[in-house]
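So, here come the structures, one by one.
After this come two complexes, each holding chain A, first together with chain B and then together with chain C.
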Partner chain A sequence: MGVPLKPARNWWLWAGAGGFLLAMTLWSAQGIGFSFSELFCNLGSGSRLLQESWPPDFAFLPRLYQPFLETIYIAIIGTVVGGILAIPIAVLAARNLSPGKLIWFADRNFMNILRTLPDLFWAMLFAAAVGFGPVAGALALSVFTIAVVSKLWSESLEAVNMGLPEAVRSAGGSWLQMVQFGALPQALPHYVSYVLYAFELNVRASMVLGLVGAGGIGMILETQRANFEYERVTMIILAVLVAVLIIEQISESIRKRLT
Partner chain B sequence: MPKHRVGWATWLTFIIAALFIFSLWAIEFSPSRMIQVPGQVLQQLSFFYPADMAYGWETVLPAIVESIQIAWIGTIIAAILSLPLALLGARTLFPRISRFVKLISATARAFPEILLAIYFVPIVGLGAFAGALAIGISSVGMLTKLGAEVVESIDFGPVEAVEASGGSRLLALRYAVFPQVLPELAAHWLFRFELNIRASAVLGVVGAGGVGGVLLNTLRYGHFDKAAAVLVLTIIVVLAIDMISGEIRHRIIRG
Partner chain C sequence: MSQKAQGSIRFSSANIVYPNGAVGMRDLDLEIKPGEFVVVVGSSGAGKSTLLRAVNGLNRLSSGKVEIDGVQVPQRDGRELRRLRKRVGMIFQDFRLVRRLSVMSNVLIGRLAHVPGWRAMLNLWPAHDRAIAIKALERVGIPDKAWVRASDLSGGQQQRVGIARALAQEPAIILADEPVASLDPVTTHQIMKDLVRINRELGITTLVNLHFLDLARQYGQRIIGLRFGELVYDGSAATVTDDDFREIYGRDFTEDDVLDEDEVA
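Let's look at the complex of A and B:
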């Protein structure tokens, strides 16, 4: 055997991709005013800010307890409501289960559009619609959860073994019975796992919902940030980080047992 | 016949239902409020039509472009920083350091971009630059983790071949590791870019540039037709970028 030939490269493609990357980067850097000189000139004021934000104001910690609980409530409500509503949306978006091409197509696009808007956009919209406070946050996270769970779970539903649903169907079962007894039980562990995953995302998101007035610990964060009380900002962020990491660890260990 | 017992699923459902009801009670979401909410939302919805598209082209589109630029620069920063970290984080290449690198990246991942932006805004001033830095730093964690997993999954034959023929570690990286990992890494970078577009869209809330600030202002002053323009344009642009980027990712992975 001789030396294998080096595969010929498509130089035009590489040059085009490289040129596009470079052009895009330069254009963006210019557009956002990226400058190293600014970065280094401002390091002085940056270090002053960092000094101000350290050490964290531990005396502030007790006042975080109530808003923190509110954050968790918002996350729980959003996960439960969104998790339940995601079930029909995911079923209709699964190609193998959906009762009709048109419903499948409409539902699929609905799901994709839900996914394009970030969580804080929903929070702003609901805060405008139902007023500032935790209810807006819970609604926002419900929509966000629908978007996450329905997308992931519809893919698991498409992967179920179709033998069972077809058996239900040929035994005279209705469409609903086919889904309920043939398909859902197979994908149930995935469902629980995705809902838990959405809960983790929701806990993280609910910490910042308050920045736009949708309740939870973020509302305190927003007032302290606006007043440049960075010792307190650091305290809040540290507390949030620790809480998020703990909840994630618990949720992850449950998820690992499920699948 | 097996004894009938209450399964864990029943218990779990029960616990979750209890937590849910308690949470509703705790945020004072009363049944009367529950009936009100759909009406409020529907009524609000009617104010959003028709969208003020003149405002959309004039103010919203430049803000969306800025969000895309923030996401792009953030992704570039993250890709550059995460490349060496991904190599160091690979258990198979650097068994000693990898644990430490992975721990750091896990902590960094827990940080939402917007919290980082809160620190970067006073340091580099209001605007898109702060946003790009926040996005970049917060993406490093995830890209390092995914990158390390890609590096761990490579075929070690070529690495051993380079080293057996007298090549150094560095040469092994260049000729045996990079060619194997680069396509998958690029796919991860693109995916992160898609996520970063959504992340950069909200950074305006804390003054770090992009379309989020525009939406917040229009809603704050009750200009719902202008807010509708923000939503319509954001949805269209994000869908388009997702489609293009997803297509490129599939092609890269397939080779």
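Let's look at the complex of A and C:
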């Protein structure tokens, strides 16, 4: 028995799908008032901005030290606080461990709400509550960390082998002991990995949060931009880029060793 | 309520029907005396595991009752059931150890129900309980492995940790659910000998599920045969005949049913 003839391609389907995509794009471009002619005419001012942004102002670097440290503080506090609070939330949201359907349902929805609201929203909320500054940033990142870690980790917890938790229960262990001694040890490497990942996200997020006044390097970025100090802005972006790359490298190498 | 470590078990017209309609136990009346070594045989799906897991409440009865030393096994989770499970150790086919943790940490799981909750939670085990865990390891012959990671042990050694964990409970009853099904023949005999020796030395009532007939005959004191959840044989291992086994299994048995093939008659 030979290979049957290759079925003919459905050209009409491909053409239709391509045409649909093109039409959607054009429709959207018109909607936001995009035009190529304008883009070319304004290319000059764009390149002027780039010229003004170069070279980076290295003399400004020492003044970045303090705000940068603040960004790291915010990220650390957010990761630690959020990482700890995420533990019970993730456990209760894991279908196989949750003590009751109602608790599971409530916790699941709570997690969804945390995740749906963006970190900028939390930053503005906490800035309004405790005033502009790093404390608001740390609180916002705590919530953000809970959202990230609890979602990812509850899925790891649902994948644990339930034999061991059952063994703990058969030895007379309570629900809490079943979780602590039966389930958590199996999912611990994942937990550490997700918390480190959340830390990476937090360092990056804490710059954006600075834009709305939540302290750190984002705040100084915003002031320099508002003062048209583009060479300093370039310096800040470069410094942030290097820092984020370093932190991600370290965290990634630890995470690789864990799993 | 008697707190003495006796370990008698009594099933009275006990039934288990699973949600999917499968019958796991049918009108079981059974009495096991303290200190007995009972081997449960039957083809797969005959209800061997169901029987063992009903003793410590991992499987709930649909009707009837099961008692340990005259105290009925509660049919719902709670303090009562935990207090009862404290006195019933269980050994599993797949060992069920925390592979990442030390042997000692695994054995101490057997002490969870004996120490205050906050101590267990913070891993602050009293010296008394540590001593019990070490004694349990000595009884299965691997005290030198106390600080080795469980995953670094061989299969036979891992099952010994499983036995030590059960012993650390200082139980009146040990339930061994296919304890040798994932072990090689040599280790199988070692583990069976360990179980028999512990039964003789400590007088712990022991129920072992086995699917190898020769092991049942060799190590059992009393043999219970199940078929479709029903008790079809109950007698001494010394007098059980090949016909009895045929009756239990509902067919002729083959070399798949014995561990050492040359023993097939």
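Before moving on, here are some points about what is shown:
Convention: the second predicted complex is superposed on the first by the 233 of 259 C-alpha atoms of A that agree within 3 Å, B and C clash if a C-alpha of one lies under 4 Å from a C-alpha of the other, contacts with A are read in each partner's own complex, and residues count from 1 in each chain.
In the analysis below, a contact is a pair of C-beta atoms (placed from the backbone, for glycine too) under 8 Å apart; a residue touches a chain by one contact, two chains touch by 3 or more.
Predicted model only: the values in this text are computed from it and were never measured.
In the model built by aligning both structures on chain A, chain B fits alongside chain C without clashing.
Within the superposed three-chain model, A:L125 lies in touch with chain B and out of touch with chain C [touch as defined at top]. In the superposition on chain A, A:Q180 makes contact with chain C only, not with chain B.
Residue contacts after overlaying the shared chain place A:E166 against chain C, while chain B stays out of touching range.
Counting the residues of chain A touched by each of chain B and chain C gives the higher count for B.
Shared-chain residue A:V135: touches chain B; no touch with chain C.
By the document's definition of touching, neither partner reaches A:L26: not chain B, not chain C.
Taking every C-alpha of chain B against every C-alpha of chain C after the fit on chain A, the minimum distance is 5 Å. Within chain A, no residue touches chain B in one complex and chain C in the other.
Residues of chain A touching chain B in their complex: 24-25, 27-29, 31-35, 38-39, 42-43, 45-46, 49, 53, 69-70, 72-74, 76-77, 80, 112-113, 116-121, 124-130, 133-135, 138-139, 204-205, 207-208, 211-212, 215, 221, 225, 228, 230, 233, 237, 240-241, 244-245, 248.
By the touch criterion stated above, chain B contacts chain A in their complex at residues 16, 19-20, 22-24, 26-27, 29, 33, 36-37, 40-41, 44-45, 65-66, 68-70, 72-73, 76, 107, 110-112, 114-115, 118-119, 122-125, 127-129, 131-132, 198-199, 201-202, 205-206, 209, 212, 215-216, 219, 222, 224, 227, 231, 234-235, 238-239, 242. Per the touch definition, chain C reaches chain A in the complex via residues 56, 58, 82-86, 88-90, 92, 94, 96-98, 100-101, 109-110, 112-113, 117, 120-121, 165-166, 169.
Residues of chain A that touch chain C in their complex: 163-164, 166-174, 176-177, 180-181, 185-186, 188.
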